[in-house]
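Have a look at this one.
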Amino acid sequence: MTPLLEAESLGRTFGARRAVDELTFSLDPGECLALFGPNGAGKTTALRLLAGLIKPTTGTARIGATRLPDLAARSRVGLISHRSLLYDALTARENVHFSARLHGLTDATAATTRALEALRVGDRADVPVRALSRGLQQRVAIARAIVHQPDVILADEPYTGLDESGSAALTGLLQERRAAGAALIVVTHHLQEGLALATHAAILRSGRFARYERAAGLDLLRYAAEYRELVA
Amino acid sequence: MTPLLEAESLGRTFGARRAVDELTFSLDPGECLALFGPNGAGKTTALRLLAGLIKPTTGTARIGATRLPDLAARSRVGLISHRSLLYDALTARENVHFSARLHGLTDATAATTRALEALRVGDRADVPVRALSRGLQQRVAIARAIVHQPDVILADEPYTGLDESGSAALTGLLQERRAAGAALIVVTHHLQEGLALATHAAILRSGRFARYERAAGLDLLRYAAEYRELVA
Amino acid sequence: MTHPGLIAASWLIARKDLAIEFRTRSAFLSALILSLLAIVIFYFAWDPTAIGAADLAPGVLWVTFTFSGLLAMHRSFGVERQDGAIEALLTAPIPREAIFLGKAFANLLFVLGVQAIALPAVAIFYNLPVGHALAPLAVVMVLAAIGLVSVGTLLGGLTANTRLGELLLPVLALPFFVPVVMPAAQVTAHLLAGRPIAEAFAWIRILLAFDLVFVYLCTLVFPLTLDD
Amino acid sequence: MTHPGLIAASWLIARKDLAIEFRTRSAFLSALILSLLAIVIFYFAWDPTAIGAADLAPGVLWVTFTFSGLLAMHRSFGVERQDGAIEALLTAPIPREAIFLGKAFANLLFVLGVQAIALPAVAIFYNLPVGHALAPLAVVMVLAAIGLVSVGTLLGGLTANTRLGELLLPVLALPFFVPVVMPAAQVTAHLLAGRPIAEAFAWIRILLAFDLVFVYLCTLVFPLTLDD
Amino acid sequence: MTSAPAAPPVRRPDWLLLAAFAVVAAAYVRAIWFTPPDLLQGYAQKILYVHAPSAWVAFLAFGLTAAAGAFWLFLKDPRLDRFAESSAEVGVVFNTAVLVSGPLWGKPIWGAWWVWDARLTLTLFLWFLFLGYLVLRGAIADRDARARYAAVLGLLGAALIPFIHLSVYLFNTQHPLPVVANTQGIQMPPVMAKTFFFAFFAFTFLYVALVRSRYALATERDALDDSANGDD
């Protein structure tokens, strides 16, 4: 069976800086990779490459059989960026609905409501995003990213700004997608947060995997200690 | 002795929404308030009021003896906002240096270098901020906010995007300022993170303090449980 | 769940842009006032005893259109940049050309709206009889607007892209405006001078050719300005 | 550690703005494009048999400045809004007037820069001998630029906080440009026609008065446009 | 936290407004049937009785708008702002009346819709100022900011008027108008003059009545979004 998400010596340089350096890995349906690494390690760049937002300087990324940034591939990806990707003059509902339409959902309105409810911002859905607090905006941003129920979810520090209930909602949502056979990559600086969901864990350092393993057997404290010295 | 930071029935409404509802409290030198609360509780608005960025609809805020937004008061405040407040076309050094000059530092250059070193971005200080990763930008933002060694530090989710070493650097820096007699307010959604520094802890709910107490005696787990049901 | 086609996607984007514009109805109104103001102010930039209104009108008209047009295009990508919204469009399963066509269409409506007011205004304030030449003028304006908008939207994309914006590309795009606006201005001059429309046909044919070429070319080139 | 005074702070801000402008030349480039475009359009809409170059040029020049000026003012606060940088200025211990003066000064240099390029461009296009009147022309341009910039910067700040942004600015600003553009254009015409500047003193007096009144007034009211 | 919107108060017929319309009507009956037509201009001249009074009211309205704004800056009394808003909106209507009646009159009299006479031009720019003022108001959500910005613009506008008049006047004296306009000096038989001033009174009365009812609307709206969810 072909993996759902596949990167082959995927790399990107900015000027002289190798932000991402020939990454090779793949995820099957239902797998979730927790991606850790120090600031500037290349995590965001890696996700942007896998979302087809920027062109790789080396290698390729595939969703199922199709290569990025092909249309068919893009349609299956959902990116939770660390920018909201929202139009702040429009309301939460309008933003999510627009995204739903762009993805060709036939029941865009229903899907929009569902997504907003899932993140518990239904009651604030009709004010301009501009007027929402940061955490509420983050919820809308997530709703926008997953309204089309993508097979591949790329989440860049998705818990940023979320309170307890928001985090719970997000975790629930990611687990649900995973159970439905989606492949996830979650970037975060909180090992615990990341490992809670993960089937695999990886540590990125200056663009390369310093570690990549199954999350099953991992002991949080040991892993944390090793991470610390690995990065130092 | 007069408190260093003082809020008297400080309130702000947006349209009909009471974002902050008549808060009254004060901090002495060396005190640190950890401010918790669900999304949309009013934390950011409260900090913006205390920084003199927005006008209160009720009450007043004072730094030492002087009222905000007086010039003398503003000069003693350092705000770590959840936006970077940086010019992304300029380099980290230029941004911080500019801020240092605005605060009338005589040794602006030295202070800039010191601040950047303290946050361990010295080596990336001379690329445009635009080209920095999110966490690195957050470090620069913090450096900008504290380069003038403010007596009052208002930090709105300051750990956002920071990795281990960044967080450590920030914590160290905040402790140092506190020891030097500064008063701090740290907004965060991670109770542990917040309580690590705090002399006081408060929970904001729809603009009001649901709890406000000394942090000393608090047991993290109990507090977490109580917080959860308080908010739910 | 089928991906929206080129037209459908373009239409979605155009509608979204217009929605943002009209979130406060005043957006369009101000574009109108702007062009009126420009026209009125320009009257005072020249010595009316030395220059007849009819001689000025074409230049004034087209500078006004160009400016309000550029404003629209600039705005239409400023909106996208704000919170990285453009990236949402780039990750969406729509052809990148749709982004161009959608925005171009929204901008076209914008510019046409401005023209619809600006022309009568010029007629009144510069008291020119435009009645006799209204039909050909309208044709010229639509044709020119199409060219102007297609090039301008492309330019807007260039300048909005921080990476390219810093290069000289905007300046390089300048020459492409000339062949669009220049004939328009000349035809307008012809018509307002009351010369026979026949003379203008040559120009109009050129305009048409430019439109076809530029709309096609810009749609083609636009995706290149996006991916980084 | 003493807070920087009004002048010092203004200078800091002006320098910062210019630094940014030099990094990303985008605004200056688009201003230039616009200017050249205007010049070109008028050139092609121009019927040399009907109008003498010396009669047309002044208007073209000032129409051009008006627009490029508007661009500068808009840019100057767009920069601040990006990542909330303006809030850093607001929390800094500097008089708010300094923000106005700093930005106004940067904008002034910006506009003068555009003029410095547009004037020769016009001179070449319409082959006008400007040499003999260069000194008085320069004076007029500076006076006019001061007027445009003071009002424009204030309104730029005002509109930057509204939902309409760049669209609203010209709507509010253009009426204020009348008493600037008109005298400036008239004096320029005088000078290009080789007439003695003495005849134009009445105009220059208006310019001066406008500058004095509005620089003062704008500096005074600017803080009102900032604190939320 | 959306409380129920306040029920709009029951509409009572606006007697003052009705009275004002009656008086204006009376002025017209007098103008058309009991005042001899102008010797030169015939019935076209009847326009005068709309035209000139409207012009007067337009200028009056702008003056009062600017003044109200200026006072608001010191007193911060919302009523002043509401008045400014109402006066501006009513003023723009009368101003438009001048700009329509004028050309309608000018076409037969001068043979041109428009003449760049100082007075005409001034009216035109007054109209632009009005529109800009109203558009600006429409573009700001926050009530306080709206009032402040509007006040600022009003002040600047007031300072601008004389400059425009002066420069346009100079513009015309330097080179006589292409079309002869004589809107200077009113010499008319006493009957005409009486009607003329009656019309002035009637229009001023109408202005007062209109502003009053528009003011009531503004009060209502503010009360409404005080109770509504105030986001934007």
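By written order: A, B, C, D and E. Residues from 1 in each chain.
Just so we're on the same page, a contact is a pair of C-beta atoms (placed from the backbone, for glycine too) under 8 Å apart; a residue touches a chain by one contact, two chains touch by 3 or more.
Only a predicted model underlies this, so the values are computations on that prediction, with no experimental measurement involved.
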Legend entry - Joint neighbours of chain D and chain B, given as chain labels: E
Legend entry - Fitting chain C to chain D on CA atoms, where both chains share a sequence, rotation angle to nearest 5 degrees: 175
Legend entry - By number of C-beta contact pairs, the top two chains: C-D
Inset, instruction - Taking each chain's centre as the mean of its C-alpha atoms, give the chain farthest from chain A. - result: E
Inset, instruction - Compute the centre of every chain as the mean of its C-alpha atoms, then state which one is farthest from the centre of chain B. - result: E
Legend entry - For chain B paired with chain E, centre-to-centre distance based on mean C-alpha positions, whole Å: 50
Inset, instruction - Report, in whole Å, the distance between the mean C-alpha point of chain C and the mean C-alpha point of chain E. - result: 34
Legend entry - Between chain A and chain B, centroid-to-centroid distance (C-alpha), Å: 28
Legend entry - Geometric centre distance via CA averages, chain D-chain A, whole Å: 46
Inset, instruction - Please set out, as single numbers or ranges, the residues of chain D touching at least two other chains. - result: 23-24, 163-164, 168, 171, 174-175, 178, 182, 186, 228
Legend entry - Sites on chain E at which at least two other chains make contact: 125, 128, 131-132, 135, 139, 141-142, 167-168, 171, 229, 231-232
Legend entry - Sites on chain B at which at least two other chains make contact: 14, 55
Legend entry - Footprint of chain C on chain D - complex, ascending: 23-26, 29-30, 32-34, 36-38, 40-42, 44-47, 50-52, 55-56, 58-60, 62-63, 66-67, 78, 163-168, 170-171, 174-175, 177-178, 181-182, 185-186, 189
Legend entry - In the complex with chain B, residue positions of chain E that touch it: 1-3, 141-142, 144, 225-232
Legend entry - Residue numbers on chain B that touch chain D, as the complex places them: 51-55, 69, 71-72, 74-75, 77, 79, 81, 83-90, 94, 98-99, 101-106, 128, 144, 148
Legend entry - Contacting residues of chain D [partner chain B, same complex]: 1-4, 9, 12, 16, 19-20, 23-24, 79, 82-85, 87-95, 227-228
Inset, instruction - Enumerate the contact residues on chain B facing chain A in the complex. - result: 14, 37-40, 44, 82, 124, 131-136, 139, 157, 160-167, 189, 227-228, 231-232
